[in-house]
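Pasting in a structure now, in structure tokens, and then I'll have a few things to ask.
Letters A, B, C and D name the chains as they come in the text, with residue numbers starting at 1 for each one.
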Amino acid sequence: MEMSHGSGQTLNDKNAMASRIARFFQPGDAVNLGIGAPLLVADYMDPDVLVHTENGCLGVGKNTSRTDPTVSPNMSLESFANAGGMPFFPIPGAMVFDHATSYAIIRGGKLKGTVLGAFEVSETGDLANWFMPGNFAGMGGAMDLCMSKMVIVQTTHCTKKGAPKLIHKCTLPLTCKGLLTHVVTERAVFEFIDHKLVLKEIREGYDLDNIKNNTEADFTVADDLKTDVVY
Amino acid sequence: MLKNKLASKDEIISKFFDGMTLMVGGFACTGVPRALVDLVLESGVKDIKLISNDAGDPDICQGRLYHAGVVAECWHSHVGLNPEFGELAKDGKFTLHITPQGTLVEKIRCGGIGAGGILLRTGMNTDTDMEKEREKITVNGEEWFIETPLHADVALVRARRADYFGNLTYRGNMANYNPIMAMAADCTIVEADHICDIEEIQMDTVKTPGIFVDMVYNTQKLYV
Amino acid sequence: MLKNKLASKDEIISKFFDGMTLMVGGFACTGVPRALVDLVLESGVKDIKLISNDAGDPDICQGRLYHAGVVAECWHSHVGLNPEFGELAKDGKFTLHITPQGTLVEKIRCGGIGAGGILLRTGMNTDTDMEKEREKITVNGEEWFIETPLHADVALVRARRADYFGNLTYRGNMANYNPIMAMAADCTIVEADHICDIEEIQMDTVKTPGIFVDMVYNTQKLYV
Amino acid sequence: MEMSHGSGQTLNDKNAMASRIARFFQPGDAVNLGIGAPLLVADYMDPDVLVHTENGCLGVGKNTSRTDPTVSPNMSLESFANAGGMPFFPIPGAMVFDHATSYAIIRGGKLKGTVLGAFEVSETGDLANWFMPGNFAGMGGAMDLCMSKMVIVQTTHCTKKGAPKLIHKCTLPLTCKGLLTHVVTERAVFEFIDHKLVLKEIREGYDLDNIKNNTEADFTVADDLKTDVVY
């Protein structure tokens, strides 16, 4: 589904979610972006938001590639690669550090937020995103990252088969229990308040009925619900 | 004179043995001591207990150890990079201890600093195997996991620069687990992109003091 | 653009408050943020909970806080440098938690990295007050102390060089507690011998990433 | 008491003990020397033994002073000062590190040995050296340093009043319980073997009766006891 964007561009759903999530962050905030679709958030954020990659850099800049002729042939690329293995240029003043320090930043509460994908989200703020039968990769840093101040899930509202991803209770092994703060889908923005799911925004092109019909999780509607939100 | 720790291929291979606990630094394909992994394969040792962030690329990193069938037990935070891993795991070729990444690195650090464990809450209340395998303790009214130490017989470490005594620097985010693992083994062996004389690395910039290093793989002609 | 964290005397003093937990880096007279200690004295705050290696030289370091009578509770490994300390302690002016040095630094690190504690055995079976104040736990058949975290409202850190964002380097052995305390406070304030632009400090040489730093005391005219 | 030294020099007792202790260490060993008399050991060791100071350096070289005209006026001296506050020159290739790393070296078992002073030593390898009524300084790093491979006490055999320092059981608060490996006095060298005190060497000028009469602690005499040892 492609929606009209404030700037006149149209954004596909992945980019649209990234665009909306980017607005949670202010210049100077430090943010970790999960592998895959969450990495797109970087394209929409204020350039002064600092991007953290758990394998040892805060201040991840533009992505590059191993065949970019403007960078040296291999070593510098091996020295700067994000958690998904994509080479990048560090920004001026970027910080690099070992893994113990990287997770000190995470657990120590220095990240304003983390953006993660999801298999399942529960109505009480649980997340399942690392283990699915036949798709076992390990939790990597996801369980640690859920200790950030804002833990934002970026996910399609439903699975490819049309089943809701926001459900009463996760059936898969959890990544965290009750630590989520926000869920952003291509249709709506939810916030967890006292471990209860609250609908805060509906994107333009969708209405409350659509959200209700496609969400198994119990949720309340915020008094200040915004509708027709342009991602 | 500081000790010259430059070591040949054969000297390094002599430190490997069947059943050894082996740490391998690096994250995905970044900062992995690839040439030292080659030597482990060449040595023919088996039943390795492998500790590394991930199960490794099967062609160029520690994933080759799985391909060769020489891993008996392993600690990783992520195994998705290695397409062979799932099949081998299903066949019961080894025992996997899947561990959150920030927890894994602190367990290794405990092994290095002589601690009996550290209290962390990563993964708390997830009701996963990760949680079930751990003892809990309540301190000041909060519940924590007791994360026990990991220590290795041999740690393979990748550095950007090493002097012949083993003072090390890293570049960009290739440091990752390397400085932590360097502390946590009976025998720490370094593979460096550049090997140099002492004092070529300004002391305040060293990230791993050479006292933690036992051998530096002599892959270059060093003019001293 | 990275945030410019250079702060004036008044901006720094505004972060201090009565009853605050204060960490002060340094070891004896090495690597102590002396000018920042001046500002604490100038602020007039009292009932400070002080965490530092030692009780400090009474003329030039954090020992001045004792002289001024503004310390209510303290954690140190050594108090022998400060001749006033013993007298004040006898008068019950404050509560002292004497702590082995390697334990003190790990307690501070726990406060920084979000751990609930660490298991150490320093001081085991000494039957001292240090031992009696601690809970013990048996893990894998060995007995350990549960060393609980220390976290501060404000940490005062001394660096050799700081860029305006707070990336720090140290020189020689003036680092000591400074990089660990920098991680362990709600507000970390840095006093640096040299203040410089970003990228003047090569990134691989930074010991304290600027994310841990809230303010850099602007003691020099910085030409940016 | 001044004794003749192998080299023809005479050494006072402090220097003599330092000279004997120095022979425990080989080139390449890393050793921590306590504040005070143990620092003298550095003057007698092989120059390739590495000296550790717990405040952040391994590779402590020659001492200097704040008034030495060959060094810069203040800052470099503040940057290199040992645990006793004495400025020094680092050796070429010296390592500097923060306090967490320094104690990782200590507890992690990378020191071959540590040399400490003593108020009291028990016959089972306990040490008391940090607290005496009227002399309260704190344990500093001494409790940690007792986790080194060799924990060597350097002490006068008796107190100034002539009372033995090697006693059945310490009366002062302990620094460590049963972790001592050696005791070197100006009269003798003892080793703890299975937590039992064994007399290994008697220095020239002393005899077994002198040692027995001045030692309260129970000890056995080594089969290979060396006598007339030149410190």
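Just so we're on the same page, a contact is a pair of C-beta atoms (placed from the backbone, for glycine too) under 8 Å apart; a residue touches a chain by one contact, two chains touch by 3 or more.
This is a predicted model, so every value here is computed, not measured.
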{"item": "Reference subunit B; chain at largest CA-centroid distance", "value": "D"}
{"item": "Computed distance of Cα centres, subunit C from subunit A, in Å", "value": "35"}
{"item": "Centre-of-Cα separation between subunit D and subunit C, whole angstrom", "value": "29"}
{"item": "Distance between chain centroids, defined by C-alpha means - subunit B, subunit C (Å)", "value": "31"}
{"item": "Touching two or more other chains - residues of subunit B", "value": "106, 113-115, 120-121, 160, 170-172, 203-204"}
{"item": "Contacts with 2+ other chains: residues of subunit A", "value": "90, 96-97, 100, 103, 106-107, 147"}
{"item": "Full enumeration of touching chain pairs", "value": "A-B, A-C, B-C, B-D, C-D"}
{"item": "Subunit C - residues contacting subunit D, complex", "value": "27-31, 53-54, 76-80, 86, 89, 98, 100-103, 105-106, 109, 120-130, 160, 170-180, 193, 207"}
{"item": "Residue numbers on subunit A that touch subunit B, as the complex places them", "value": "53-57, 75-76, 78-81, 83, 85, 90, 96-100, 102-103, 106-107, 131, 136-144, 147, 173-178"}
{"item": "Contacting residues of subunit A [partner subunit C, same complex]", "value": "27-28, 30, 48, 50, 58-59, 90-97, 100-101, 103-110, 147"}
{"item": "Subunit B residues within the subunit D interface of the complex", "value": "1-3, 112-115, 163, 165, 167, 183, 198-199, 203-204, 206, 209-212"}
{"item": "Partner subunit B, residues of subunit C touching it in the complex", "value": "106, 110, 113-121, 135, 137, 139-140, 142, 144, 146, 148, 160, 169-172, 202-205, 207"}
